[in-house]
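Note that chain A is present in both complexes that follow, paired respectively with chain B and with chain C.
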Partner chain A sequence: MIALAIAQQTLREALRRRVMWVILIIGVFLIALGPVFGFLSPKDSQTVLRSLGLAAILLSGLFITIVTCIYLIPVEIERRTIYTVLSKPVQRYEFVLGKFLGGFATVFVNIAAMGIVFLAMIYLQENRIPTEMFKGVLMTFFQMMLLAALTIFFSTFTTPVVNFFLSFGIFLVGNLSSVTESLTTKSNSVVRTAGVVIHYLLPNFGNFNIQNSLIRPTTEIANEGIFLRNNIIYAIIYSSVLLVLAILIFDRREV
Partner chain B sequence: MAKITKLYPKSVSERAKKLLPLALVALCLVPPLQKMIDPQAREIQGVDRTADVAAAGNEFLLLPLLGFREAAAGLLWVRCDEFFHSGDYDAILPLVRLITWLDPHADNIFITGAWHLAYNFTDSSERSDRRYLAPSQALLDEGILNNKQIPDILFEKGWQNYDKIKDFLAAEEAFHAAMIGPNGDGTTNLKPDQTTDHPYFSPLKTFHILAHTYAKRARIPDALNQWNVSMKRNDEQTAANPKDGSNKSLRETETRNFEQFLQRYRDRYTPAGHSAINPSKLPNVLNPGVSKDQTPRPWDIAFQPNIEMKRPKVFRISGRFNSADGPRVDVRITDWDYKERVINPQENTFKVDENATILMDALSVRKAKFDRELDMSKDPRMYSFKSDFYKIVLSFNPRNTSPHIQDRFGYSGEGITDKRKEFVYTDNRDHLRGTKMIEGLGGEGQVWNGKDVPWTQYTQPLKMIRVVYKVSLDQINGNKPITDADIVANEQSPP
Partner chain C sequence: MAAAITIQGLTKKYIGVGTGEVVAVNNLNLEVEEGEIFGFLGRNGAGKTTTIKMLLGLVFPTAGDAKILGKPMGDNAIKQEIAYLPEETYFYDSMTGWDLIDYYARLFRIGEPERSRRVKIALEKVRLQPEAWRRSIRGYSKGMRQRIGIAQALINDPKLLFLDEPTSGLDPIAHAELRDIVGSLRNEGKTVFLSSHQLADVELICSRVAIIHKGKLLTQGTIAELVHGERKAVTVQAPGFSNGMMPKLQAIVPDATHSGGDTVQFDIDDEERITAVIDLVRGLNGRVLSIVPHKRTLEEVFVETVRREDNS
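Up next is the complex of A and B:
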């Protein structure tokens, strides 16, 4: 309950930040611009609308997640408001958990808002809402959940600037899953070991990039349901591990 | 200095003792889970070519990493179109590679990219650079691997083999694969909102062109059978959509082709049919190898080739070819040890061997003569002439010629002969064998009876005209003439 109260407060605070609204507006603007860029694929303008929409949700979600989550804990320490919180019967793990849930809720609200605009744009263009687009938004949401956990983890022991570069860097590397996977089969043992470590131990954000198969209706993913389920389990397990580590580090941190 | 010992509340240590093993166990679950995700993620991401694309520049990586894959692919495709219209074909190539990486399920880009590679990389005389055929096929193979559900790329592969490479076996395999679909039984894994129309089912043209492919393989009963299949399928589609008249002309062509095939069979292989329907005014030109009294009478081509070097690397190839107008003498000039490449689509390279030389062209026969200058001096990047010896092959393949010439020689060149027997080459390879249509002119077993379909005996070998020269770089540079003494036996240098 305490964690939820902190989460609620965090969400309120995050929604008051102007930078988040700016990113959200840019995201919505990009989605709304989709039909204008139909000329990029004259035979299939829907492809562009869908691609731009999903990409805009991903990009805006990425920046909202990072910008929101990197400050959640350091700001409390910097402003010394954490003393007020921790002097109450609040455990440190509840504080970390509350901050994560608050950040996560912020990301959820934003992705949901962009998702609604995106689906509305598709509806205006096609007079129907293709169900597969929900899957795209859902995967982006879990991708951002994992990123939020990663950012919270780093924020327990780094400054916001370092956290920004670390989280963004790992997000980019994690998106190169096709490369890291190919490294695991290389003949050079050093490269192979590095590939295994990166591919299997770093958070693999590329798993969630299913946009291409959603945009191209001719593409069939075998056992799609299992694939989506595995990705969601992956995001939950990995986020839990990161949160546990964040709690253990924050427990021992001097504030 | 005194050592500082940090003291934590007992609850912190206890929490660590409980949570750390849990976190480790959870972390151990991640690799197996990732292993389960990998195969399907690979399907979405297509054949891995990231390293190839990274070599093109880091700026190309950022957009896709931030999620704008298809939008970036669309922008690049527009750029490709501009390059195409300005004739800057070389610039298109890396872009196509990039686009297919960004959007591995954009079938039209694989198809158009492969077409560029196979047809549009040319020398100053508009002859295509045959070294790019292997990368073109590899690009199509990659597209097929990434898009098993739709038949279009398979159709393109079949068409390229039919039209450009003249590998009719590969063409047949590709068309057949397009027709049978990803499940191997003509069905497809349609989603509820997808119709059974193109592109989820193989279009009618695939059924149509497969019949032509059988004919090119001299498997005439198969071709007739395929025309029937094609007409039936066309009728079914028309019955399902009576208002759709788009297949009408295709259906009419199929009827005509079917009837023409039967007509040709009678004209070429049955004496009664020939004399009654198509009496030729040309002397000695009867249906191949058979006179009215059923005596085999092959037709002497009297092939007399001559190769002269006008200037270094400029060939004048001329000669006589005793037939009506229309046949084409194929010319192939390569390094002596040139081998066709086969690229694994996972190999990720479009690079061609810059030191390899290959030219292919065809010389038209008019009034029983052919004469043409082939200038290989203007394009040193394409024709580097880095070897010491070269192979010049002049050939005539009756399978690739026009029907009125086939009327003289038959589908498999049964009626071909030449005074210089060493010029007549019989290719006995199994995949080149066609239906035996006539007795006494090669081929084992039964002659096709003109009725039974299907007919599974393929025993008639391909008979063709083939002359191989082995020449040195010195001769190519015009320092020494090319003569009949440079001709080597076909058996020493088979195709």
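Up next is the complex of A and C:
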């Protein structure tokens, strides 16, 4: 399959970018610091390690996803390698799909690497690996998949700089789902309409943030299994829609 | 012979911010026959690359149409049979030469072991040293990169190749070798659409050429048709050019100039005036030292054609 060949090539190119390694090393370093901070506060050592670990994976994953995916398509155009690819029997949808899969695989490799270090640290401290932590890493992974699709979507028609601010901005707004949801019930019709548009149109990144309830068992998620499953389905469907739009735009774009 | 490329009224206009409408390609009509090496000439920004990109479906025409190997341009099916080497392309330099060509072969859905066989043939054909095959492209010279570029264009054994400046910026040895490689494609029955500024190469390997300027086709034809007619470089030695000979000579050859001494050199392109000059010089006790036929080059034709268009 051509998209897989392009994805493999994309992963290979992405993995040799120094900036990605710097972010990954910082992430792993922060996770590894968890037990050290835990010693400073022995009473909360478990909470400190879990909070720091999940936050490090989220932040590193966020920056790795954005800095990787914003360049995937523009760099091919800038270096003219896209000419040698699209002049071969490669459909444009295969190219976009391959780029997304390559970017997604890069994010997966990085989150998996940080996740392994994180779970190893927990094992060293607690002599067990709680399944909640798997769920936390899994939700971050799907959150980043959605962000990767969003970034690829923007990269089909914006410059990397604009893409960075758009993707990062939407990620921040999308994480404030409780705030945007409250806007949908305001009496002012303009605010209400804006709230509806923002809350329902922009990707709801906030739903993937389950770290608090995982770290503090007192805040439980009702029907956790269904909630997680629905979030995963939401991420897959929303990412698919973004990719279809990206393909439609890229199909009409001159390179 | 069937047409490999038929272009009819192909036009591309861009709307630039502050520059208004820019016509990159203007009502281009062209036909390239199968099995020929066709030179597509023009200055930088003349519209050569835009034309190639339209034919490959990378940019979309404002008007006009084209057929490649009998199918509409941009059709994905024809991409199995064509190849493109863009000008000054960056190749993924973390890859080895072998891996890069293997990657491009995968884009043609060529499976193993056929893929490895094709990669080997392509690398051998462009004469890339085998010890460089498994080395990172990062360490390749420009000549080696151009060879890799041509190898990726040969991986599908194409019927038609679009080559954009394949020999620019190379040292003389690499230049000559790559020119020979491109020239040898004709012997394999391939059609080559060659965009180049290396007019000596074009003259040597192309059967026909077209000259494009500011998006407009100025002329096209075989090399012989374009460089037809020859001038003769005449050297005359006569005592006393200053004694009234120059005005008489200039009456026959207006461009003749006296560079000093008793020797004058000038070009004449018709037999009658040569005879008149000889008669004049003999009548004034001078000597015609030499009359050397000088064939027009493609470069001269190109410069004349473009300047004529600029001045019109």
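One rule holds for everything that comes next: the second predicted complex is superposed on the first by the 251 of 255 C-alpha atoms of A that agree within 3 Å, B and C clash if a C-alpha of one lies under 4 Å from a C-alpha of the other, contacts with A are read in each partner's own complex, and residues count from 1 in each chain.
In the analysis below, a residue touches a chain if its C-beta (ideal position, glycine included) is under 8 Å from a C-beta of that chain, and two chains touch if they have at least 3 such contacts.
Because the structure is a prediction, the values reported are computed rather than measured.
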item	value
Room on chain A for both chain B and chain C (clash or fit)	fit
Touched partner set for A:T81, first chain B, second chain C, both or neither	second
Superposition-derived comparison: chain B or chain C, residues of chain A touched	B
Touching partner for A:A5 - first (chain B), second (chain C), both, neither	second
Partner chain in contact with A:F227 - chain B first, chain C second, else both or neither	first
Touched partner set for A:N175, first chain B, second chain C, both or neither	first
Vertex chain A angle, Cα centres of chain C and chain B, expressed to the nearest 10 degrees	160
Touched partner set for A:V255, first chain B, second chain C, both or neither	second
Touched partner set for A:N212, first chain B, second chain C, both or neither	first
Which superposed partner A:V117 touches (first chain B, second chain C, both, neither)	neither
First (chain B), second (chain C), both or neither touched by A:L147	neither
A:Y200 touches, of chain B and chain C: first, second, both or neither?	first
Distance of closest approach, chain C and chain B, by C-alpha atoms in Å	5
On chain A, positions contacted by chain B and by chain C	91
Chain A to chain B touching residues, read off their complex	37, 39-41, 43, 47-48, 50-52, 54-56, 58-59, 62, 91, 93, 130, 172, 175-179, 181-182, 199-201, 204, 206-207, 209-213, 215-224, 226-227, 230-231, 233-234, 237-238, 240-241, 244-245, 247-248, 251-252
Chain A-facing residues of chain B, complex	6, 8, 11-12, 15-16, 19-20, 22-23, 26-27, 29-31, 33-38, 40-45, 48, 50-51, 54, 65-71, 74-75, 77-78, 103-108, 147-150, 182, 189, 191, 193-194, 199-200
Parts of chain C lying in touch with chain A, wherever the complex brings them together	53, 56-60, 76-77, 79-80, 82-86, 88-92, 94-95, 103-104, 106-109, 149, 152, 156, 162
Residues of chain A that touch chain C when the two form their complex	2, 5-6, 9, 12-13, 16, 79-81, 83-91, 254-255
